[in-house]
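Same chain, two partners: chain A is paired with chain B first, then with chain C.
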Partner chain A sequence: MSTKRFLYVNRKAPYGTVYALESLEVVLIGAAFEQDVRLLFMDDGVFQIAKNQKTDGIETKNFSPTYSALGDYDITKIYVDKQSLEERGLTVDDLIPLTYEDEDDDWAEKDSIILIDRNDVKTLMEESEVLLSF
Partner chain B sequence: MLHIVNKSPFEKNSLESSISVAADGSAVLMIEDGVYGVLKGSRVEEMVKGAMGSLKIYALGPDVEARGIADKVMDGITLVDYNGFVALTTEHDKVQSWL
Partner chain C sequence: MKYTIQINEGPYTHQASDSAYLFTKAALESGHEIFRVFFYHDGVNNATRLTTPPQDDRNIVTRWSALAEKHDLDMVVCVAAAQRRGIADADESRRNGKDADNLAPGFRISGLGQLIEGGIQSDRLIVFGD
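Here is the complex of A and B:
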């Protein structure tokens, strides 16, 4: 099976709609088929990877810990739009610290999150072969 | 009157519309994705702060907690629990939900 560059574009906040959870499910399926999977979080999508989510009070499953497992599925490139963070009063320190172990570098732990600006988003979209929008 | 907003202010203009037409002394309650309106340092902070002079602004605590933004709530916003939500709906003569 040929490998394609997939980009998952995540633009919705978690919990208010089911988009975030559905995206995560499809991301894991794509990874299982050994595709080249990249994630982009922009607009309200950046809220999906906000740390300290505690959902006991709304009796909804907190699926945010799953993002930390993406590195184990060889998903090592997680792009976050800088402008979206700034508009929301957030910085990268407000996000779950997502990492992966680099097999080409003695399994050193490295950051998966890559902050990018709108121009980089444009390039990322153009370079991707399959876009999945949530 | 109690105005209830359940949409993110970064995606929809529900919060902006509610604030622009709410009469002095009214209350605005943010719930669900509407609670992102509490964010200090965000692009909606100025609008929300500006509304505090004439409106009482509330947000539903469990929805704030769920979204990981409990330590980013701007000053002047009162967090309520579900009982507080019920109390607000009974204390006000009318409710306008900005769907």
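Here is the complex of A and C:
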């Protein structure tokens, strides 16, 4: 099967609606197809990868630990819109440290998160062949 | 052109399914190919045959079924999303120990891999929903 550049755009808060959870399910299943996959978190979507999520009060499963496994699924390019973070008073230190082991560099642990400007979001979308927005 | 259509919202609450239907119909009538129609999130609710709208309103579910029959459309309902929302065919119903099933004709239940495959095999993946 051919390889295409997939971009998953995550724009909604992790709770309140099911989109974030069901987006993550597509990403994990899709990983088996060995495509060129990138994730983008923007708008309230940046809250999906915020640290220290606690969901006991809303009796909903906290699925945020799953994001830490993305590196094991060879998903190593996770873009975060810098302006979305700033608008919400967040910095990269408020995010779950997402990493992967680089097999081309003696399995060194590297950051998956790439902060980008909003102008670069356009380029990222233009460069992708299959864009799934959740 | 070859299209895969993804529908993320349920019927009547949201225009997504109507727009997707009209797009799909127009694409087919213009000679394009629809590789697959994939129902996800609340979109799976477009596939229950128990839907009974008032008689002077469109029936979104039977409209999809008729389009599928006419054009031999592959309409796939995500199994995980369907299980959460109570959409089941006879096999799914039995497997989960339920006493009823409700999948409308022309739809089939399968996995998310079918969506990814649609993205890979088609020239365009068009997503309907918010």
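The rule is short, and it goes like this: the second predicted complex is superposed on the first by the 134 of 134 C-alpha atoms of A that agree within 3 Å, B and C clash if a C-alpha of one lies under 4 Å from a C-alpha of the other, contacts with A are read in each partner's own complex, and residues count from 1 in each chain.
Heads up, the rule we're going with is that contacts are C-beta pairs under 8 Å (C-beta built on N, C-alpha and C of every residue); 3 or more make two chains touch, one makes a residue touch a chain.
Everything numeric here is computed off the predicted structure, so don't read it as measured data.
In the overlay built on the shared chain, the residue A:A69 is in contact with neither chain B nor chain C.
Comparing chain B with chain C, more residues of chain A are touched by B. By the touch criterion stated above, A:S133 is placed in contact with chain C alone, chain B being left untouched. Of the two partner chains, chain C is the only one that A:Q35 touches; chain B does not reach it.
Judged by the touch definition given at the top, the superposed model places A:G89 against chain B, while chain C stays out of reach. Of the two partner chains, neither chain B nor chain C is touched by A:A108. Contacts of A:F6 after superposition on the shared chain: chain C is touched, whereas chain B is not.
Once both structures are placed on chain A, no chain A residue is touched by chain B and, in the other complex, by chain C. Residues 6, 8, 40-41, 80-81, 84, 111-113, 115-117, 119-120, 125, 127 of chain C are the ones that touch chain A when the two sit in their complex.
Chain A meets chain B in the complex at residues 12-17, 43-44, 47, 50-58, 60, 62, 64, 87-90, 94. Listed in rising order, the residues of chain A touching chain C in the complex are 1-2, 4, 6, 18-19, 22, 25-26, 29-30, 32-33, 35, 130-134.
Those residues of chain B that touch chain A in the shared complex are 6-8, 10-11, 32-33, 36, 39-43, 45, 61-63, 65-72, 81.
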